[in-house]
Every structure is written in structure tokens, then in C-alpha cells.
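Some structures are shown below for you to check.
In the two complexes below, chain A is the common chain; its partner is chain B in one and chain C in the other.
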Partner chain A sequence: MNDPGAPLAAGDRIELRFPARGDLVVLARLVTSAVATRAGFDVEELEDLRLAVGELCLLALQGSDARHGDLRLELTLLGDGVAITCSLERASTTGDTEPSADEMEAAHLSEQILTALVDEHGRQSEDGAVRAWLRKRRRELAG
Partner chain B sequence: MDQEFHIEERPGATAPVIAVQGEVDVATAPQLRECLQRVIADGWSTVVLDLLGVTFLDSTALGVIVGAHKRCRELGGELRVVVADPRLVKIFEITGLTGVLTITDSLHAAGAP
Partner chain C sequence: MSGGRDGAPEPSAAAGPGARTDRLDPAERDRLVTDHLGLARQLARRFAHRGEPLDDLVQVASLGLVTSAQRFDPDRGVEFSAFATRTIIGELKRHFRDKGWAVRASRRVQELYLELGHATASLGQRLGRMPTVAELAEETGAGEEAVLEALEAGQGYRASSIDTSDGEDEVLVARLGAPDGAYEVVEDRELLGPALATLPAREQAILHMRFVEGRTQSEIAAVVGVSQMHVSRLLTASLQTLRANMPQRTSASG
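What follows is the complex of A and B.
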């Protein structure tokens, strides 16, 4: 990059792929912080996005045996904010495994956090591929 | 630079204090769960969880805290959560846990000077 401090603009897209391990979810948070800063989000919104993207990764990992899979994070700058997707790839799903009480509690809390912090979010699972997504508008534009 | 994750157990006047530092997330929450389970299994029904040194919490960490709170209540005690950082307090608020957990902003208020 010519200017490391240059802002990101609508249409810019950043991708990150990493092994689907809990100790690496911090990478998704770090990249999201950097992108949100350059996309014009304020400090509070940046913190919201940092938390939300971690929850997005957890949503993508739910009910999966991700020891051999990858998480792919894709951040797309929009005119009014950012769209983020987190996809679990190359992992086997274990849909027949009952989640523990703690896991069910955490999933419920994760849903509450995302509902509070972002404008839209969702999760899709099809043929073993899981994709969780969110969209957050900048406060100055959210009305 | 984020503080490294660390857990320290301290004796308290009426309840043990578990002091946590750093980021508590899907990677580190299992260590907190193990620590809380061990202290409760040792016979303590009331535990003070000091989060004053915590810089980040996710839903996994909250799930561990809620689980420990439930176990303490079953034993007739409570889990007293000490948290002051507005960013972290906000997470407890948006998940409705401020109405469920005993949350204070100082160790003194939690009975653990």
C-alpha cells in the first residue's frame, strides 16, 4: 500500500483465512478493529464490531467439528457501513451431538449480543457449509 | 498491547476472590470455568469474581459466569462479579445479566477488600 493510513472506501474488501481454532479468533477481532478504524467507525462502534465479529466466528463454529477446518472472514465496505461474513470451510459437522448446557447458554447470549450491536445478522448452514453474517451501519449514517 | 490472560485465586474474609486479567474468550474461558468449578467444589458457595483487569469478554465467558452463578445459587450462595470498565458493563447490560447476577464496581462493594 502506498499510504498505510489511507481510509477504506465502499467496495473495498478484506479477506482473512485461518485455522478454525478458538485461540485464533483474536485474529478476526484484530483485523476487524483495523478495518473499522479506516472505515470511519467511531471508538464505541469499533468496540461493538470487535465483539460482534468474535460472536460471528462462534456462530460459524457452532455444532461443528472444526479441528481440521478453516474460518474465512470477509469484510466488505459499504457506502453506509460494513458487511462481514464468517464461513466455516473444510470442516465436518456434528449435528447429532447435543450441545452442553454451557454451550446452549453461550449461544443464547451470543444471539443477544449480535442483536444489540449490529443492524442485521444471520446464520446459514447447508451441505456442511456454515456461513454467519452481519451488517453494521455507521452511527452518523444510521439515523 | 492486550494484557496476557491470567487467573489468580486469593483468600477473602467471607469468600474467595478469583481475579482475572486479559481477554476472556472462547480460547481462555475454559480455564476460568475450571477454576470456578474447583473453588465451588472445595465448598465455597459464594465467590467473588474480580474482572477489573479484564479487557475483553465474549459470550463464552458470559456462559461460564452464568453457569458458576447457577451452581453458587444452588448451594445457597452467589457469584459476585466485580466489573468497572464501561465497555464490559455494557455487555452485561445488553445480555440482561445485570438483572441476574450480583454486579458491583469495586472489590470493597463485593465484600472483598
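What follows is the complex of A and C.
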């Protein structure tokens, strides 16, 4: 296989901030695959991470009127994998918007997908800012 | 046909190997399956960008759903949708693995990367300017995300030489050295245009053959009618001239 180039090491941190729009989640996926490649994940894990990060962004966007906010993606390299958080940072809080039943269901699905794809994940809401995170370990190389 | 399922992989050792684990009556199972077909379809769609027909994936996911219903144990305290999601994703992933997807995927990325180089050159000639990523996506029939992905992966193979250089000139040469780094070529050609025009026609042609068409020095030597050594010298000299005549790369304001 080709050398994926300069590797990233534990402690390295990559941040991406972009307008909180669904059609821009592609940016999060692209950065994630670039980072995961350099962090030594294999192709399948990389696809899992891309999928997972998409769900993470959906979770962070969930239940909010996010049109004015930003999504902040933060990837931190760990010794054995990667930790990724996605938070919605709103320019102004316009009161709590109750998530609809559809949104609740979508969020539920996202969480279940994350359970299937990554080692750990969670979601917190602090001061109107939603923060979803995940952690995925690299598969031990066989042989 | 016997009802045994010997050989079917079990998710856990809780049930004996090969044993049917359905704890629900058939009607209950059927209800779970019909109620969750939408879930199976949604999960299949999440995997659709990996290049398999959606219909196939929906089928794999639906089979995964049936398996989930057969194995589901309501006494375990896990809700069915969570259990099914995990099983279905497991089945989808296995489907890709069985088809040798990872190998094909990385090959596809490499092929697309090469294809993009050619597409950039031919579109460039046709349009009279460098193509956009959207145009490259249309030309190659790949999605924009796939194009960006391939460009990124393709550059990854060369990233060390780009990253370890300290000067702007070194960076440029490293980029020129990547045969078909379409994205960088777009950027570099804009900067290079004026400098390139100062070179004799033969040198321009040699650079084009080497870095745009990706031909070897020997191939170029045969075309131009000089020795490979001479091509090598001409390339070195041309690059030096280019370096000297290059305008400063304007970086994004910051």
C-alpha cells in the first residue's frame, strides 16, 4: 500500500468550523477521512467514521433552529484511535425549540447507528449548545 | 429443506451454536419485521454512497432485519430497534467485506485520481480554462465528494515530500512532480502561465509531456529526438528558470 503521508500522532488536534447547514456536512466527512487516513485507520474503519461523523453532525443540529449557528468539529488523536466532537454554536439563542417527534426519531436512529459503528458516543446540551461526541479505536492489525 | 441453520454466525454465545434463537411466535416476528422495514431502508441508504446498488443494500438490510427478529430476546432489556440496527449494520458491513469492497474501493480511488488527471487536461483544452470540481465530477461520472476524496487521497501518496519542504519553491516542485495532481495543477498553472511563456517552445512541450501527460524522460527523449540525459538536463534547467520567474504565491489573507 502507499504510504498515506505524514502521520498524525496522539495529541494532535484538528478543528473545523462551518455554517450549520446539512449540505455542508460533507466538509466534516472529508476532513474526517483525511484525518483518519493519517491516523492509521483502515479503509473500512474510515468509512465507518465518515458515516458516524455524519450522524454526529445530525445530532448536533437536531432540535435546533440552527440557521444562524456554526458547527464546530474537533478531532483529537488518541494513542489508540480518535475522539471527535461536534458542537452547535449558536450566534443567538432563540429560546428552547421543542424537537418534533420526527426529529426525536431521527436522533434516536443516529444514536443507534453510532452504537453500531464506534466504541463510545454521547450527547450533551449545555447552555443551548448541543455537543455530540464519539470515540473510535483502531482495529488491531492482525499478524 | 431442514429447518437447521448450522453455520450461521451467532452474535453471542448465549444461544448454542447453530440453535434457533427465536423467542417470539411467528406472528410477533412478522410484525417486528414489517414495522421495521423503514428502518432497514434508512440504514441501507446510509451505505449507498459506497457504490453498491441501493436495491441490493435494501435486500441485505431486510435480511438482516429478519435475522434480528429471529434472534431477538425481549428478556434482555434491549429495545428491538437498537438490536436490529446493530445487526443490520453488521450485515451491511459483511456484505461489503464479502465483496472485497475495501480493496476495490482503494483501487477505485487510485483509478479515479489518475482519471482526474486526464480529465483535467482534456477539459482544460476543451474549455480553454481549468475545470471546476463540479465539471470534473460530471466528466468522470463520479460525485463531487468522491472527486475531492480522490484528489485528497492521491495527494496523500505524495504528502511527505510536500510537507517536508520548507521553502515555497520546494513545495511547487513537489507539486509539479505529482503527475496528475489535478487540483494543485489548477492552482499552479494559473501562477505558472506567465513564467511558462518565457520558456522556449521545446522546453514548454517537454514540461507538458512530463508533468501534464506524465510521460517518462525516455519517452520524451524519443519524441523530441534527444537523449534521456539531455531531457533530464533540460527539465532541471526549465524548472530553475520557472522558479526564478515565478510570481510569489499569494496565500489566502489571514
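The criterion applied here is as follows: the second predicted complex is superposed on the first by the 122 of 143 C-alpha atoms of A that agree within 3 Å, B and C clash if a C-alpha of one lies under 4 Å from a C-alpha of the other, contacts with A are read in each partner's own complex, and residues count from 1 in each chain.
Please note the rule applied: a residue touches a chain if its C-beta (ideal position, glycine included) is under 8 Å from a C-beta of that chain, and two chains touch if they have at least 3 such contacts.
Since the structure is predicted, the reported quantities are computational estimates derived from the model, not experimental observations.
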item	value
Three-chain arrangement built on chain A, chain B and chain C clash or fit	clash
Partner chain in contact with A:113 - chain B first, chain C second, else both or neither	both
Partner chain(s) touched by A:78 [first = chain B, second = chain C, both, neither]	neither
Touching partner for A:22 - first (chain B), second (chain C), both, neither	first
Contacts of A:33 with chain B and chain C, given as first, second, both or neither	second
Which superposed partner A:47 touches (first chain B, second chain C, both, neither)	both
Partner chain in contact with A:58 - chain B first, chain C second, else both or neither	first
Touched partner set for A:103, first chain B, second chain C, both or neither	first
Intersection of chain A interface sets (partners chain B, chain C)	26, 29, 47, 51, 54, 109, 112-113, 116-117
Sites on chain A touched by chain C in the complex	1-6, 26, 29-30, 33-34, 37-38, 42-44, 47-48, 51, 54, 108-109, 112-113, 115-117
Chain B contact footprint on chain A (complex, rising order)	21-23, 25-26, 29, 47, 50-51, 54-55, 57-58, 61, 101-103, 105-107, 109-110, 112-113, 116-117
Touching residues (chain side chain C, partner chain A) in the complex	39, 42-43, 46-47, 50, 81-82, 85-86, 89-90, 93, 96-97, 101-102, 105-106, 144-145, 148-149, 152-153, 155-160, 163-164
Chain A contact footprint on chain B (complex, rising order)	23, 25-27, 33, 56, 58-60, 62-64, 66-67, 87, 91, 94-96
